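Supplied in structure tokens, the structure appears directly below.
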Amino acid sequence: MNELALQVGQTAAPEAMLFWILAPLTLAAALGMLLVKKAVHSAILMAFVMVALAIFYIAQGAPFLGIVQIVVYTGAVMMLFLFILMLVGVDSSDSLTETIRGLRPIAITAAVGFGGLLVSLLGRASIGRGAVGIEAANSEGNVEGIAQLLFSTFVWPFEVVSALLITAALGAMVLAHHHRIQERPTQRQLSIDRFRGDSLATAAGLPAPGVFARHNAVDVPALLPDGSPAPASVNASLKARGDVLDSSHFELGTVDTSVEEEK
Amino acid sequence: MTWLTLLMALPLAGSLAVAALPKTNEKLVKQTALATTLIVMAATIAMALGFQRDNVELQFVEKYSWIPFFGINYALGIDGLALVLILMSTILAPVVVLAGWNESHGGRWSVKTFYILILVLETMMIGVFAATDVFLFYVIFEAMLIPVYFLIGGYGTGERSAAAVKFLIYSLFGGLLMLASIIALYVMSGAQGGHTFDLAALSSLEMSSTTQDLLFLGFFIAFAIKAPLWPLHTWLPDAAESATPGTSVLLLGVLDKVGTFGMIRYCLTLFPEASKTFTPMILVLAVISIIYGAILAIGQRDLKRLIAFTSISHFGFITMGIFAMTSQGHSGATLYMFNHAFSTAALFLVGGWMISRRGSSTIADFGGLQRITPVMAWMFFLAGMSSLALPGLSSFVSEFLVLVGTFTRYPAHAVIATCGIVLAALYILIPVQKALHGPTTPGNENLSDLNLREKIAIAPVIAIIVVLGFYPSPLLKVINPAASHVIAQLGFNDPVPTNGSK
Amino acid sequence: MVFTAPVLNYTLLSPILILLAGALIGVLVEAFVSKALRSITQLTLTIGTLVLSLAQVWKIRNAQSTTAAMGSVVIDGPAILLQASILIIAIISVFVIADTDHFTALAAALPGSDEERHAVQTGNQVTEVYPLTLFAISGMMLFPVSSDLITLFVALEMLSLPLYLMAGLSRRRRLASQEAALKYFLLGAFSSAFFLFGMAYLYGYSASVTFAGIRESVVGGSGNDVLLLIGIAFVSIGLLFKVGAVPFHAWSPDVYQGAPTPITGFMAAATKIAAFGAMLRIYYTVFANAQWSWSPLLSAIAVITMLFGSFVAIAQRDVKRMLAYSSIAHAGFLLAGVIALNKAGLDASIFYLFAYGVATVGAFAIVTLVRDSAGEVTDLNRWKGLGKRSPWVAATFAGFLLAFAGIPLTSGFIGKFSIFSAAYESGAKGVVIVGVLSSAIAAFFYIRVIVLMFFTDPVQDGTSVEIPSELTRIAIIFSIVVTIALGVYPAPLLDFITNLAIFIR
Amino acid sequence: MMSSHSLVYLIALPLAGAAILLLAGRRSDKWGHLLATGLSASSFFLGLYQLSLMLSRSNEQRPVGQKLFEWISVGTFNIDAGLMLDQLSICFVLLITGVGTLIHIYSISYMSHDPDRRRFFAFLNLFIAAMLLLVLGDSYLNLYVGWEGVGLASYLLIGFWNQKLAYATASKKAFVMNRIGDMGLSFAIMIAFATMGTVSFTGVKAAAEHTSTAALTAIGIMLLLAATGKSAQFPLQAWLGDAMAGPTPVSALIHAATMVTAGVYLITRSNFIFDAAPTAQLLVVIVGAITLMFGALIGTAKDDIKKALAASTMSQIGYMILGAGLGPVGYAFAIMHLLTHGFFKAGMFLGAGSVIHGMNDEVNIRKYGALRKFMPITFATFGFGYLAILGVPPFAGFYSKDMIIETAFNSGGIKGIILGSVTLLGAGITAFYMTRVMILTFTGTSRWDEEVHPYESPWLMWLPMAILAVGSVTSGYLLSHGNALVNWLSPLFESHGEHDEFLPPMVVSGLALAMVAIGVAIAFLKYSRSDVDAVAPSDVSIFTTIARQDLMQDRFNEAVFMRPGQLLTSVLVKTDEAIIDGAVRGVGRAAMGTGATLRGVQSGFVRSYAALILIGAVALIAAIWVVVQ
Amino acid sequence: MNAANYLYLSAMLFTIGAVGVVVRRNAIVVFMCIELMLNAANLSFVTFSRINGDLNGQVVAFFTMVVAACEVVVGLAIIVTIYRSRRSASVDDASLLKR
């Protein structure tokens, strides 16, 4: 029993070692999240923090949570973040200069105050000295213990959470799903339209984009035989995004070498 | 018999009837409104005949549970003071309707709306004086602001919406302070034998003197705004300047009386000790109001503003009479409330006719009306004489009672206040001279004199002014028991003649 | 280890279960019912669900149980009252929401794109709003009856997530609407992180996640006060955020303005009831014995909230924003009911919540009616002369404003009176006085709107008042009738509340 | 006190006349003046009837009273609408109704061309009623009603032609200055009630014995203030000259015979107060002395015949006040002078009216001259009045004025000598200015314009003049014969010990006559010998200039009261606007400003909002931290 | 080693997350910071669970993860929507609604 008391009061030496190695790293990673420019780097650091936390969970007698943390959080949630980052533009980097006047000093003061006060309060609270330890609770196995609680005491919230999941799914659908409002035109229909249309100019298909030899890419309108650009050759959504380059840069003879090629 | 409820229900029913009429038939609307007010007046007089004047207890008492949760009752009852003020209100109402026959025409909304508002207001005017439940009183006290607000803002002239807002905000502010006090009373009553809003029960609450002082102030400031007491008066000239004459009559004649009525009924009854504590201060304010109001009236160029400032002076007298704590002061103040309503009504109504004929309210624009419109000029003159408390007219009795009542206890205040009578002569005679006398000002040549309707409207007012000047006894007999009761409740006796030994 | 099957007591949970079932059916309707019928089906379904749920609440009104759902839910008088209030307000809100003109035709389409235009032309509708609303309502129903931290947290998220989504679904000014959704979501998540952190400390303090367990520790006083205090503070932040108390209010003006107006009304009214309901339960039962610790802080917040809301509302030019600040001020008044910590405070708060909620839905419903060719007109300057153009609409709106201002003979007055008297009774005199003063300030801007509507001449700029659809009309009429009725004769409701409103622990 | 049921009709008749005429309006144009005159006359006859009843009773039973109804009754403040007719009031009743009726008759003709003659008569009747109430009221408060009532009537009559702004102003001035006096009466009533608990004459008389001198002095001084206002005594004398704006009969009735003497009535009526308050009495005397000189000096410089007479009135009332201030001995003489003055001054005013009437409304005596030939009757009646005011024996003034001069001398010590000398000097100056008026008007060469054709007035006008002239001649003798008036009034006044005679009566009369002779002589030398300019010469001494400007009274009032008053008013109007209302508006603006400033918190950036939440959290944590520490 | 050390770590992580919300402009990063805060709270739960010797804390942490997952779905959907409309993921750009 003495041994148990010791264990309860003090974490065992290996755990201490683990903590003192991993905790600073976790903090550093967390801080790094704030300091790195690229969102994707932040995400990687975040993933590191999560994995570190998973290890801490396991170390604290919550193996189930540790695993779930890695699988659900690091595995699923962080992936979702990365997906979205890709969608938004993985390259995009944040400028770290503050644009809202006075916000940064306030934030730093608040952070120091908040963290300082919280830590100081915890210090006064002298927690953990009479800690009970998780071992007894885990005596029948961590997963079993949690399952016991989850399916008896907390069965109601557990069930209700399902509604939350449906809500989330429904929400994502509402915001992201494009209904097919009109019938998708069939190949046949398109073909008929092309030939029965007002003009036969596009009957043979739209001109392909790009200016050979100079900038053979989809964001530049093709040049017609008379040297004028063909707007129809570029995808409408590129135009809408404003990503179309002016093909006049690439006309022979008037090559503007100052325009840097994008890599 | 539920007289008071009946009185309150009648105008409300009238307003519903008016609401049911077609908007286009303005004449019928007006006739209905007039008939309603006349019926209410008749009913009030019938009720007054059954009033036992020597009985200081509340009469015609009705009590129904309204919100039992808070111990709130729909409780009505009147003593002499309330009876007189209800009489005043219901007599003024038909006068205002008849006198302001056409004043609803220039309004933002229909004639119909105007009379609905007026009739609803009449219900509330009766209710506010009859309520014996503090909560009920407060509800009506605040709710009354709304019809008046729309009457000023919708049918007034000039900066009407600004004036209406000023009026409303000012009054709401005061009302909310009172609400705080009422809440405190309610809570204390809960701690001392059950939540109630019954006036009688609340008046026997025990509280520390600091509490009493604070709660008193909550009530008093609300009433001082209402009754305009210097320096809380600035809303009144604006409101009176913008409102139609009829609205002004109801505003100054009845609504502002709620302030002075409240001082007696609530401040003195609920907080006797605090009333004594604050009496010196209030008397000073009252005296300032008297002199200040009079001087400012002298300085006005606008007829309506002038009348408003004279009222500030008069309300100073009323307040002084109330807080002199003598039976003369008290009875005088109550009588003053009644009389002031009629002399101000006369001034505003006649002034209003002058203004609507001339199309201007600047005093300098009139001139020589005595020759062109003699009847109108005479009526204005008589009203003015009443306002300056000429002996033989009603205001004199009340003003003198107030002064003499104050003098026996606070000679210095009375002496300064008496100087107000000289200023009164100035503030009345200057407009009389400018508007009625002198050569005819260009533009006035073709003004028409009062027509029959207007004569009929003003006649009862003038009659009351004259008759009560000589024979105020009927009213005084009703007022005296109530007034002495209040004084006695406060533990005051009239000062005994000293033969100058002190 | 022996597993005993949980006993849920479904009768008591039935109102919420009905809602959830309705929402699930709604989701299925989305999938299987044809577009043309979807809208009407959803509406019928939603209203039916709500009415059924309300009937169920009425049925169980005298139930007293701490053991429903294995102790996760407590059903008692206040619970019934709050749930009923939420349902009633939800029903009239749905009436307003049913006027689908307020919602984007296709949320996924870019604002101003051909796709959007096409969706509008084909009469596409985001009928998912209905199930989302039902989910939100079930979250709101659960929030004030939760009796452990987990359920509380889940309910909080359940009521929030649909609202985050719906805030972004406005048909017009979609950028602003999406911005509102973003702000609401980020700040909401931020505050729920605080909430969760506070929960952790409460757990640390009491070694329990149930209210009963935490309460036991508080009463016993054996635990570590620092943990309790941190727990209370952070949980309070989460709750105060939801009710929009300063300084956690900042989301509300922006979200109120950006969100589709029917949603704003629904959110302003129902969320307040749910959040205050939970707050009342927590402070009246769990933290009651630690009053010394939170009462001063909450008083300070109440005072700041009242004043801030009232002052800033004066300077507003947009009717929705003005109502948002007004709702902040009202949150301050309601906090006075929490501070009161007595029976009267509880009764008053419930009454106030209901009265305020009904008036709020009504007021926002009227905002939906004032439009020009580009949709709702919320700029107050363009409300000039509304009284001339459509006197009834203006008069009704004025009625709501007067109720907000607490003018007698409206429900607002009774509410204010009862809540202030309760607070005064508990000794919070300072709060009452500030409350009264800020009411005076608040009156100023309510009256300003009335002046604009009635005393200013209309400007001919195409602003007009839409003839309300039948449902909207019903909602408005119901709201104004209740608002006036509760001002004139509140006795029955007050009696009902006071007989029922006793927390069981 | 015996009670009588008919007193009220004295007042009711003329009051009814006023009411009928005013309410009936134009319909009564034809007969209104006759009705008014008739009612006034009936009132006079009623007065005579009362006198006869009174004569038939013994001294103690002469006063009669009538309680009409309870007027004001609150607590111990009980005022009945009660009337009282005693030896003093009957004198006034007869004077008022008698002279009043004569002037009614006179006015029928005088005002015949005025379209508003009916209204004029209504006002006259109103005045008569109010004046009767003043003298018949049985308490100070009842008196007060009449007191202000005559003020109102006076205001209406002075401003009868108020379409002329100057006249309207004059009437306003009269009313306001009277109100200052009225204020004194209010104070007196209040003090009386506070100290004695009653304000009826009998009550106060009874209580006066037990009342401290200080209180009585205060009441006395306040009553004096009232008297100065109504009777145009220093320092409230300035209105009387301007009051001549009214039609001449008004000047005769109100501003010569009756209303202006109300102050004398008040002081005499309050003898029980003044007798017990020597200081107040002394003040009365001083006021009287100053005013009699003041009026006399103004009189010397006035070219407007009515204003000259007004100044003379002021001066003569000064005599009365002085007399009344001399205590028990003086009261009766004051009343006697009042009565005789009522006759001769009214007669002279009517005469002046007659002249003005005949001269196409010209009032400047410098534009008269030699009217004796054109208006013989006027000349004669005016002449009798002239002799009476001078105090030439055996005309009325001789008896009354000499008595006052005598009493003044006999009041003892330095005071007696000073007062005696003042009264003597006043008599001399009176003689001078009255002679001046007489000469310039009736003798010498004519100085009027071509188009003026003076003519004698019709009989309706000269008949009253003649009757008054008879009074001017005989009243003095009749009243003093066998000390008739003194004995008549004596029950009302405290009996008094005989004073030492400072000078024997014969000497005083001789001195007075000598002074008069000197005055007359100077006037003759100055005005009869040389031609008089039709336009007042401007190269006159500073003394004359000041006298012409009424001894700067208006300038004084303007500089001391009006200007500062106007300044105060305009400053207060601005203050009210800027400071009091400004404060209110300032609160509103401050609220708006606060709102606009706090709005800044809502920057639109979600990060600021998050920061706000964070700050809130920090604040909470900090609070906890403090608590835990 | 004292179990409280985990609490200190949790508090610091929470603080860092909170500051991150204030200082970072990219909506996704901001959201990740919020996730960090939730994770910090979870760490506290687990630690308290250990100190208190019962599993309730762990259950809460589990629920938190589920709820956070839902929140992420909704949140990211909103962020994507606004990104599509504005072509910007910066929270500062979304400041139409103010004052």
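By letter and in written order, the chains are A, B, C, D and E; residue numbering begins at 1 in each of them.
Everything below uses one rule, namely that a contact is a pair of C-beta atoms (placed from the backbone, for glycine too) under 8 Å apart; a residue touches a chain by one contact, two chains touch by 3 or more.
These numbers come from a predicted model, not from an experiment.
**Student:** Among all the other chains, which ones are in touch with both chain B and chain C?
**Tutor:** A chain counts here if it touches both chain B and chain C, which gives D.
**Student:** Work out which chains are contact partners of both chain A and chain C.
**Tutor:** D, E
**Student:** Taking each chain's centre as the mean of its C-alpha atoms, which one ends up farthest from the centre of chain A?
**Tutor:** So the farthest one, by centre of C-alpha atoms, is D.
**Student:** Measuring between Cα centroids, which chain is at the maximum distance from chain C?
**Tutor:** Between chain C and the rest, the longest centre separation is with D.
**Student:** Would you identify the chain whose C-alpha centroid lies closest to the centroid of all protein C-alpha atoms displayed?
**Tutor:** B
**Student:** In terms of C-beta pairs in contact, which two chains are most connected?
**Tutor:** Contact tally peaks for the chain pair A-E.
**Student:** So, what's the distance in Å between the C-alpha centres of chain E and chain D?
**Tutor:** 96
**Student:** As a quick test, compute the distance in whole Å between the mean CA positions of chain A and chain E.
**Tutor:** Result: the chain centres lie 13 Å from each other.
**Student:** Express in whole angstrom the distance between the two chain centres, defined as the mean CA positions of chain C and chain D.
**Tutor:** 79
**Student:** When the C-alpha atoms of chain A and chain B are each averaged to a single point, how far apart are the two points in Å?
**Tutor:** Roughly 72 Å separates the two chain centres.
**Student:** On chain C, where are the residues touching two or more other chains?
**Tutor:** Answer for chain C, listing residues that touch two or more other chains: 107-108, 150, 154, 157, 161, 164-165, 168, 182-183, 186, 190, 194, 204, 226, 229-230, 253-254, 444.
**Student:** Which residues belonging to chain B are in contact with no fewer than two other chains?
**Tutor:** 169 - these are the residues of chain B that touch more than one other chain.
**Student:** Can you tell me which residues of chain A touch two or more of the remaining chains?
**Tutor:** 100, 103, 106-107, 110-111, 114, 118, 121-122, 124-127, 145, 154, 157, 161, 164, 167-168, 171, 175-176
**Student:** Identify every two-chain combination in which the chains touch.
**Tutor:** Touching chain pairs, listed by label, come out as A-C, A-D, A-E, B-C, B-D, C-D, C-E, D-E.
**Student:** Considering the complex alone, what residue numbers of chain B touch chain D?
**Tutor:** It is residues 166, 169-170, 230-231, 233-235, 292, 295-296, 298-300, 326-328, 331-332, 368, 370-371, 378, 385, 390-392, 396-397, 400-401, 403-405, 407-408, 411, 414-415, 418-419, 421-422, 424-426, 429-430, 432-433, 436-440, 470-473, 476, 480, 483-484, 494-501 of chain B that touch chain D.
**Student:** If we count contacts the way the header does, which residues on chain D are in touch with chain A in the complex?
**Tutor:** Touching chain A from chain D are residues 603, 605, 607-608, 611, 614-615, 617-618, 621-622, 624-625, 628.
**Student:** Give every residue of chain E touching chain C within the complex, in rising order.
**Tutor:** Touch residues, chain E against chain C: 7, 10, 14, 17-18, 21, 27, 30-31, 34, 37-38, 40-41, 44-45, 47-49, 51-54, 56-57, 59-60, 63-64, 67, 70-71, 74-75, 77-79, 81-82, 84-86, 91, 94-99.
**Student:** Going by the contact rule set out above, which residues of chain D touch chain E in the complex?
**Tutor:** Going by the criterion above, the answer is residues 599-600, 602-607, 610-611, 614, 617.
**Student:** Where on chain E is chain D touching in the complex?
**Tutor:** Within the complex, chain E touches chain D at residues 18-19, 21-23, 25, 30, 91-92, 94-99.
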